[in-house]
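Labels A, B, C, D and E are assigned to the chains in the order they are written; within every chain, residues are numbered from 1.
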Amino acid sequence: MKLTALSALVLSGIALTGCSRLDMQDQPKYRPQRPSAFFADGRSERQPVEGAIARGALNEDTAFYEGKDADGNDVEEFPIAVDKAVIERGRTRFDVYCAPCHGAIGNGLGMVVRRGFKQPPSYHIDRLREAPVGHMYDVITNGYGAMLNYSAQVQPRDRWAIVAYIRALQYSENANINDLPVEARNKLPAAGQGPAPGQSAAEKNQPIAPPDSDVIDFPHQPATPSGVPGASGAGARPGKQPERK
Amino acid sequence: MSQPVELPDQIYVGPVIDEGHSLASVSDKVGGIVLKRKTTLGWVFGLIVAFGLLQALMASATWLLIKGVGVWGINIPVGWGFAIINFVWWIGIGHAGTLISAILLLLNQSWRNAINRFAEAMTLFAVMCAGMFPVLHTGRPWLAYWLLPYPNTMALWPQFRSPLLWDVFAVTTYLTISAVFWFVGLIPDLATLRDSTRKPWQQKVFGMLSMGWRGSARHWQRYEKASLLLAGMATPLVVSVHTVVSFDFAVSMIPGWHTTIFPPYFVAGAIYSGFAMVLTLMIPVRKFYGLEDIITMRHLNNMAKVTLATALIVGYGYIMEAFFGYFSADVYERFMVWNRMTGPYAVFYYTLIFCNIITPQFLWAKRIRTSPGILWIISIIVNIGMWLERFVIVVTSLHRDFLPSSWGMYAPTIWDFGVFFGTIGLFLFLIFLFVRALPMITIFELRMLLPGARVKEPVAQ
Amino acid sequence: MTTTEQSYTTPPQLTESLKKYQNTSAFVGLVFLGLLVAGYFMAGEQQFLRSYLAGFFMWFGAGAGCLALLMTQYLTGGAWGVMIRRLLEAGAKTLYVMWFGFLPLLLGAQQIYWWTTPAGLADKRIHEKVLYLNVEFLWIRWVIYGVIWLGLTYLLNKWSALEDETKSTDYSKKLESLSAPGVIAFFFTMTFASVDYLMVLEPHWFSTIYGFLTIIGEGLTAFCLINIVMALLAKHEPFNHLITDKHRHDLGKLTLAFVMLWAYLNFSQLLITWSANLPDEVVWYIKRWNGGWGSVATLLWVFQFFVPFGLLLSQTNKKSPAKIAGISAFILVVRALDYCFLVEPNFTDARNVQFNAHWLDIIAPIGFGGLWLALFFRNLSQTRLLPIGAPDFQKALNHGRDH
Amino acid sequence: MSVQALETVHTLYGIMAEFETPGHLVAAARKVRLAGFKKFDAYTPYPIHELDEAMDLHDNRVSLYTLIGGCLGGIGGFSLASWVQSVALPLNIGGRPLISVPMFIPVTFECTILIGGLTAAISMLLLNGLPLPYHPVFNVDRFVDASRSKFFLCIESADAKFDRDNTVSFLESLNPVEIAEVAR
Amino acid sequence: MAQIFKSSTNSLARTSIVLALVVLGGTGGALFELIADSTYATRQGDAREQPIPFSHAHHNGSMGIDCRYCHNSVENSDWSAIPPTKTCMNCHSQIWIDSPTLEPVRESYRTNTSIKWTKVYDLPDYVYFNHSIHVKKGVGCETCHGRVDQMALTYQAPTLEMRWCLDCHRNPEQYLRPRDQVTKMGYEPSEPQEVIGARLVKEYNVQKLETCWTCHR
């Protein structure tokens, strides 16, 4: 009883001191983004000295890090090996960082654009279909027009993955049924009744939609408020129509 | 359980209570110390000295709370310094009180009646002092309630396989049961005080504290039963408490700590130091308050005998430790014994042997057992010796770790001493208050020792 | 009540009964010891010695326990001690014979004490402690123990008899002053004896509480025997009205205390060893924790602690001669099992614990029990059963009679 | 009980007799019990065991409750330890079993003693009806000595056999020092 | 002697003892429930004052911007970064450029000084928490941070008591979701959670880490 009373007292003491922060909850040490009273700019992290290069971060491989060849021209070839995993990775990155403006299928009609941001060009115009991959990499890295750079948010390897995914998107918007492997093609309903050929490049790496469905599901699209991508709510807006054909 | 007054013979040194006392006279004499006796200058002086020492505790504990346990001398490898030494020392001192009240009550030893109240109070105060050390040693005493098992926001529970948790249970149980036992024993005496005083405020206070005790035979019957039960439970309790304290050391794997004889050896050591402390306090109190007729030579003699017996058990423990250190053929065990005897703290070891083993041998002589002055000095030496024993156990075992790279030395700081002497101040302060405010001898049990208390039914009229 | 000295002499009928007990015990003892010897040829020397050790040590311990209690009661005083003093003396006197019982163990040491074999002595850890563990010193210790135990027994008996004769308190004082160093000497010798004959069965194992534990066990055995004999005596004149409930109550309380001490010390040893879990030490428990011996350990806890503890808590049980004798006999049986438990598991393999009790383990304690009781009753029938010369004799008799 | 008697009950708690020695008190108490009184009590400055027999007191409830309390405490302690270590916070300590019986014994034991001891003290107080600062017996002036040196016996008016005059004369036959009425 | 107390003292004494017990016992429990475990102590549901009234409900809820767009280090680092002003400016360089509410953002961008956001989930410094491993093992953002998509002002959704952490660490299958659903708000499991949880525990090799040093290192 004595101890209950004592602990009660202690508890109330803690409560009464205004906060329940115990000892050592706040320690005199820095954690990321913790403000500093010591440095003039109030940050605990220091910027590296101008021109300093961290060990292992010389980034000499200009093709990989800048998307340029030795002459300063955009590279035509991917500096990384592109496989399904890379495209998958690219898609997740694309959906997070690009889709808000460029739209899930790259038509330039993302959510932010609908709120007034300057509409970027669709990826499915010839100029961009023919642009070298290095160009796209460069845009992500350094920005383009109204688009600010994404170099801080997206790491080089991810940028290439995004580029690879954009290439896949472009291909999907311009594909022919004959591009499908034979087995996949056989699974489709009779030609002309199912989804139009060349509907989606994403399908290449995804199971073909069930025959009785006319909705192409984008399971990895970033969540929209309704939770069902492209089917209702914001996705049902007229602006979304083109991607359905 | 009638109490025949044992006739003095050559086995005994004297009666348990001097002749010439009556029911009324013992009541008035003991009660009078509280109610009538003027507050003497000596008492005030003693209280002030004790209070001054208590301030050392206050200051040291405050500084400790501000700065953390780093102000003490503890460090790696001696992480258990004064805190545990003093804890064990104090709790050992407490043991004599329970032992005198409980075991001697069970064994019908009537000589206990004159000293049990005082010894129990000593127990309570010593346990309070003892409990302070582990709590302060945790570093954050205000979170000490975390030691208790209760559903908390951390979803954590104490570790029931840890001897430190056993300590929590043992010490809190010990404190609670000692306090209950002590208070239950006080009830009839408080009623006596209530009825003896003429001052209304004293009547009110003692009246409330005695809870309206009126000495009803029906009450006494249950009261006696409860006392006996409490004594029956307090006896194994007191053994268990110091056993658990010994487990703090023994269940570890440190040479010098991990040894199976620790439980009985610690218990004997506790009783040893406890009886020594009772002697240390009783001898002056007996003199100052003129209680030679109630706390007789027989008491001193008996307590000295118990002290001697426990000293021998403790000595047996020392010899067993040394022998088995050799017999183990274990390099660490052997080094521990060797280090104790020849290492940097060897002087403490020999001092403790002198204090704990050599000094009490004088108690074989009845002349020494019955001369209060010498007995008092011996009891103080024993107290010092038992403190040194804990010092040697704690420090010599820790300061030489398994790896020589982790060897170190231990030196207490002024704050260690501040807390230690401060608890002595607290202890004395409480003792001073106790002897002033409450009857320090169990009056109703004293009455039972008197010839007039015996039931001689009149021949049928 | 008569208080003449005459009334405290042993009446002839009682002497007859004691003789009868002595003969029965001797008969049982001889038969079973004969069986034990037969076991030597049937089960082999090692098994014989193992069972011999368990049975012998229990009954040797009964005598040693009587000696220890005899000295203790001189030191503490109290009615209980006066009433049973002669029984304790008779028990201690069995040591005159029992001491020789160590000879077979010493002669056959190489069979059961591995450390005495050349291989054992060459063992590194044993070699480390060769100052203590060497065969010559083992023999020397046996002689030292004998001198101390038998010397104490002899003097205590002699002076006690003289005290009776002379009624002089000189002897009371002498007895007291011999007992004090005697108890100390006994504690040490018995501790080392327990190391020499029991602990080293597991040559690398050690436990500092072991001597204490052995001594308390011996005290418990002694108390149980005393309780039984007191109950037997209470059937006869003049004891039927000399021994009161109060005396039995005191003895019962002390028995209870020893039961609790036994449990306390055993538990301490178990907990400390078990929690530290050091390979050297825990071997001893591994062999006694698993398999058949694990069940025996449980039985020991139940029957040597919980059951007697529960029974002895009751005042009625402590005061009734039949009940206290029954409980004591029960504890004695469990004590025999306990000694078997101390000896036998050492000879099993820690990795594959086998229950290796042998029929000889039942024979040996009965055989030695018969022998011990025969000696005991013989000693008893030759002496006056109450120490009339003790200064507090009358007080002890009146103990518990003053209401 | 007559109407008058009932009125007495309201104003008179009982008749109290004072005795000089414990022996007289015990003898008187025995006689009072043998006379058939049920509601009476003796008041003494220390426990007198002979009174238990004389007044036929054998209330063992304190022991019983203590036994129950102790058992509950022990079971509670062990269950708490087992539950905590096996269900609430199972931690593997050096491979020892979660329910390490030997290591739970200390806590089990302490809980047994704690609850048992508290039960003993509290049940004693409750069964004695304490605290009770006010009680009619204190109305008797000489009762101050009940806690010091004198022995009292009080027959209560609530007893079926109580009759003011008869009770007084009965008590007078027991050799008291003094007899007093106890106002309620 | 005269009575010291009035007869009413009896009931007074008794009730006061009972009352004291009730009060003492009750206070302990009450303090635990009302104080130690209260939202006042834990700050659960407490929306913190921010320099800019940033609405997750708007950005994440109605705009559908993925959590990782701003908190981009969450998958790779123990630290889920509070975004730099630059991230805001990715869009707000074009939209809401005149809004006075956003002036601090623009100012921060202009002057290259940090916006001083108030930390909502302020774990004690003796706790080590790693976002990336939780994300990798399929702990949804929503599981700890609640329906951020409905929070106009961000508040602390859970208690952040240690037992709240342990609830999941002891039985993670109650909360796990497929990795690709981690950032999804209002996630509904496609199968019963027991089934999906048990499967994911196996698939992602989720350990029940309960040791002290998992979080306190």
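Quick note on the criterion: a contact is a pair of C-beta atoms (placed from the backbone, for glycine too) under 8 Å apart; a residue touches a chain by one contact, two chains touch by 3 or more.
On a predicted model such as this, the values are computed, not experimentally measured, just so you know.
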Trace the shortest sequence of touching chains from chain A to chain D and report its length in steps. 2
Distance-maximising chain from chain A - centres being C-alpha averages: C
Counting contact pairs per chain pair, which pair wins? B-D
What is the identifier of the chain with the smallest separation between its Cα mean and the overall Cα mean? B
Cα centroid separation between chain B and chain C, in whole Å? 34
Between chain A and chain E, tell me the centre distance in angstrom, where each centre is the average of that chain's C-alpha atoms. 26
Chain C-chain E separation of Cα centroids, rounded to whole Å: 69
If you average the Cα atoms of chain A and of chain B to get two centres, how far apart are those centres in Å? 73
At which residue positions does chain E touch at least two other chains? 1, 4-5, 10, 13, 32, 36, 42
Which residues belonging to chain A are in contact with no fewer than two other chains? 7, 11, 14, 22
Chain C, residues touching no fewer than two other chains: 271, 275, 403
Which residues of chain A touch chain E in the complex? 1, 4-5, 7-8, 11-12, 14-15, 20-22, 24-27, 29, 31-33, 35, 41-43, 92, 95-97, 100-101, 111-112, 115-118, 146-148, 150, 152-154, 219-220, 222-225, 227, 234
If you look only at chain C, which of its residues touch chain B in the complex? 77, 125-126, 128-129, 131-132, 169, 172-173, 180, 184, 187-188, 191, 195, 204, 206-212, 253, 260, 264-265, 268-269, 271-273, 275-276, 278, 280, 391-392, 395, 402-403
Residue ranges of chain B touching chain C (in the complex, touch as defined): 2, 4, 6-7, 9-11, 106, 161, 236, 239, 243, 247, 250-253, 258-264, 312, 316, 319-321, 324, 326-330, 364, 455
List the residues on chain D that touch chain E in their complex, please. 91, 131-134, 138-141, 143-144
Applying the document's contact rule, which stretches of chain B touch chain D when the two form their complex? 1-2, 22-24, 27-28, 149, 155-161, 163, 165-166, 169-170, 172-173, 176-177, 180-181, 183-184, 188, 191-192, 194-196, 207-208, 211-226, 229-230, 233-234, 236-237, 240, 243-244, 247, 444-445, 447-448, 452-458, 461
